[in-house]
């Protein structure tokens, strides 16, 4: 049997305790793995430890042994851990409404290899982006808003299962998702909110910002939860508001912030750099 | 009588209407004034016009005529206007508690001619900065917190009158001012809040920010009003939070944001660039 | 004859002297024009005055009178001036090679009304972007590189004349233009250089930056002149280089800087905010 | 003998090869050390590996064993390494001329515990800052410029030896240091240059920037070498130049950039995060 080298990313989080880094690196070394990249952080405020390690390993024994030895190591440590194989390109579903600046950004950067995933489908409550989707070779599904949200989400769920979607990006999708849907995709739905959360939650955040007279506006990528705009924040950015701006200028400036925050947030997710802890994220 | 050239700043705000710029510049020209700098902005969202003009004028007739002709011009236009003579360096009172990074910043930049005012006194509820004040040649007044806020503010008011203070800068002054005090100094008290308003109002904003997991922190210079942290925003800035920050890092990063936001806000005020309108500011 | 309101932008630059603003605003007012927006700047270092005024005027007498009275006013003032009618949407030619991130950015933002011009043609030394051009309804011309640059530029000039192009945007066009071509289009060719000029001129600026170990990389929009990367700088921006970046990361980060600097530079040009003076630009 | 816990920082750089992280962490673990913080980076462009590890260790055997085992481990790996004990607060000499904004910044932040070192002396070619130095309890030495640079540097060297200085910060020190002096303190002299290197080397960088018409200005912290402004860059930052700036505005804006770049550069140095490699620095 031919042995080839594969790359894995290990994520660990647990209460802080002694010997974690050495224990884990030793364990990987003993299994014949070569560590490529290692980051760790101890959040002293909450007494918690987070580690992300990228390692290479030949298929066969080593690759199979590591999960077992980590499971043993984790036993008495209240440890959460996961291993992701880099060969398995994740399948991401895109949800979009009419505004397409985030959609274009994701499609172009994925095409250029800057976002490392496959977009397995585009789902929209409007038919507008059918042609754009097909020009990028991606299946498009028009699932219109109805009186019956359950029906709509059930149709969506069928598509996601068919397409084997592993996560969802809401690229300016102007529909509120149900509790059961967000629970089913916990920490797997990345939304872009066009306000600098926790300020300006809900509708028309740029109008809220203009009326409040803030001097900077921003956007926030966060995991969608049942409570609107309350999920763990993934990434944020802002820009200064020119002194003579009208609301329409804020909307225009905001579009550029939104798309770059969403792209960066998705990149952190795909590189397994995000650790959700008590409704906030830690990034390694 | 010797005629010498003096510089003035004119501030005008009114509902938008035709011929305002030409009317005003024509009026200044006819009075023999030379316009050095002119900015104007029409906020179409609220149908309002703002103008700031800096002009030079010999003392004597011209200088006296301008206020009169503007008063006439303003008559049927619901216009608010003011003229400030540049020779009259404003006297500003500094209020401070224990933290001194904002105080040092203001004192050093004023010494270097980068903040164009005189600091007429430093008032504090702690005796700590007596020596620093005297090393910069500024009178220091220790007005301790007492059970009786009215008494404390009455003592402060006496000092401000004695020192002929025209405005107040709260350089991290950790005392809440009364309704009557803030009303007496409406749009004349510049406060620095160590949070990116309207988020994180009230106490311990960096702790609030850390717990919410925001990825950027900021500070806000605003006019103090009776409602805590609700006054018109003057200036804001933010910085990215390093991924591995603890609350203590946020406090440290925030100190630099606070002092630069406060200095810039005070500069805008001293250059008569701020127009307060419906609890927000416009900047020219 | 029906009278309708038209909008114009007036640009003036001249040696600094007294009464310029009042003179010009008075002149506009007398001709029945309504000033919408006025900016001016006196660059004391070079003793020069720059003014930009946007005014509205009914067609007919007023509109015709203004150029004449400005010409008179300008007579003894070494003044350069120009008037642009807002109704006349400028025709801009796009030049591009293989890389398409700047091209997409310009096409999408023009489509969304954020860049106010018409792209009259796309000229490329590669056939790749034919399909993209036609999907945006823009004529595409493939003018391959040849031994004979004169021939190539002659073919390009014919297209530009046919299409009545008024200015050119080099959206990552990897061909060097001749002296005669850049002279013919003086201050009308906007190029994006992927380095923070004046550092890193010429080829492979990101590689140069990496080798020099700079901690920030940038891009520069400038007017193309015969001397490579030496023309007047229009706009610049930078981003911090992550500590662990490879050259390939710099290239990726740089793409986002390039497109936003190019869009902003073009916007300044289209809004007649740029004044070229002694190989630098002033912006109003 | 009482055993107490001490903290150390290990720096390693070498050509990239397999098993480095596991080898080092295993070695530390075997010696009874507890790893607190570990960062590493493989610069694939130059095939080099950099590691920084902070570990805790009881005094006695472990602390003594680690250097020996690392020396063995390093033997056949072309490895450079160093260990710094956190208890040993480094002694830093400050050099300054007349301008004091960087000096104040360093003194205040060191006082507040934000810069973790002792400033063992202030050396100046002007007598101006004697009083400031003494108010912070630091010895001040006035070493005037003379015809004979060798004499001046010899006097400085005597002071540095007396004060046991381990590194030098040039906080706007307007004297050129000799080849022999910079060689003696290789990678130990941190200078702040008020230009965004490699552009604007040498004198009057803000004037150079203004004349070139750049839209952003910056400052650069770098290690001083014999060649002026050519040493390895440590940190840089920039700010946008307001459109209507004069040179004097650039100087004013620049002061804030200079002091924050110098503080951050010194912090990176004191935390042993800098790796000098082929005239550039890598930061972990």
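Going in written order, the chains are labelled A, B, C and D, and every chain counts its residues from 1.
Here is the rule we go by: a residue touches a chain if its C-beta (ideal position, glycine included) is under 8 Å from a C-beta of that chain, and two chains touch if they have at least 3 such contacts.
None of the values given here were measured: they were computed from a predicted structure.
Of the two chain pairs examined here, A-D and A-C, the one linked by more C-beta pairs in contact is A-D.
For subunit C, the chain with the farthest CA centroid is D.
Note: centroid distance subunit A to subunit B, computed from Cα atoms, is 42 Å. Centre to centre, using the average C-alpha position, subunit A and subunit C are separated by 38 Å. Across the assembly, subunit B contributes no residue that touches 2 or more other chains. Contact residues on subunit B toward subunit D in their complex (touch as defined above): 101, 104, 108, 112, 114, 135, 252, 256, 260. Interface residues of subunit D facing subunit A in the complex, by the touch rule stated above, are 18-19, 21-23, 25-26, 28-29, 34-40, 42. Across the interface of their complex, subunit D is touched by residues 41, 43-45, 196-199, 210-216, 218, 232-233, 235-238, 243-244, 246-247, 279-284 of subunit C.
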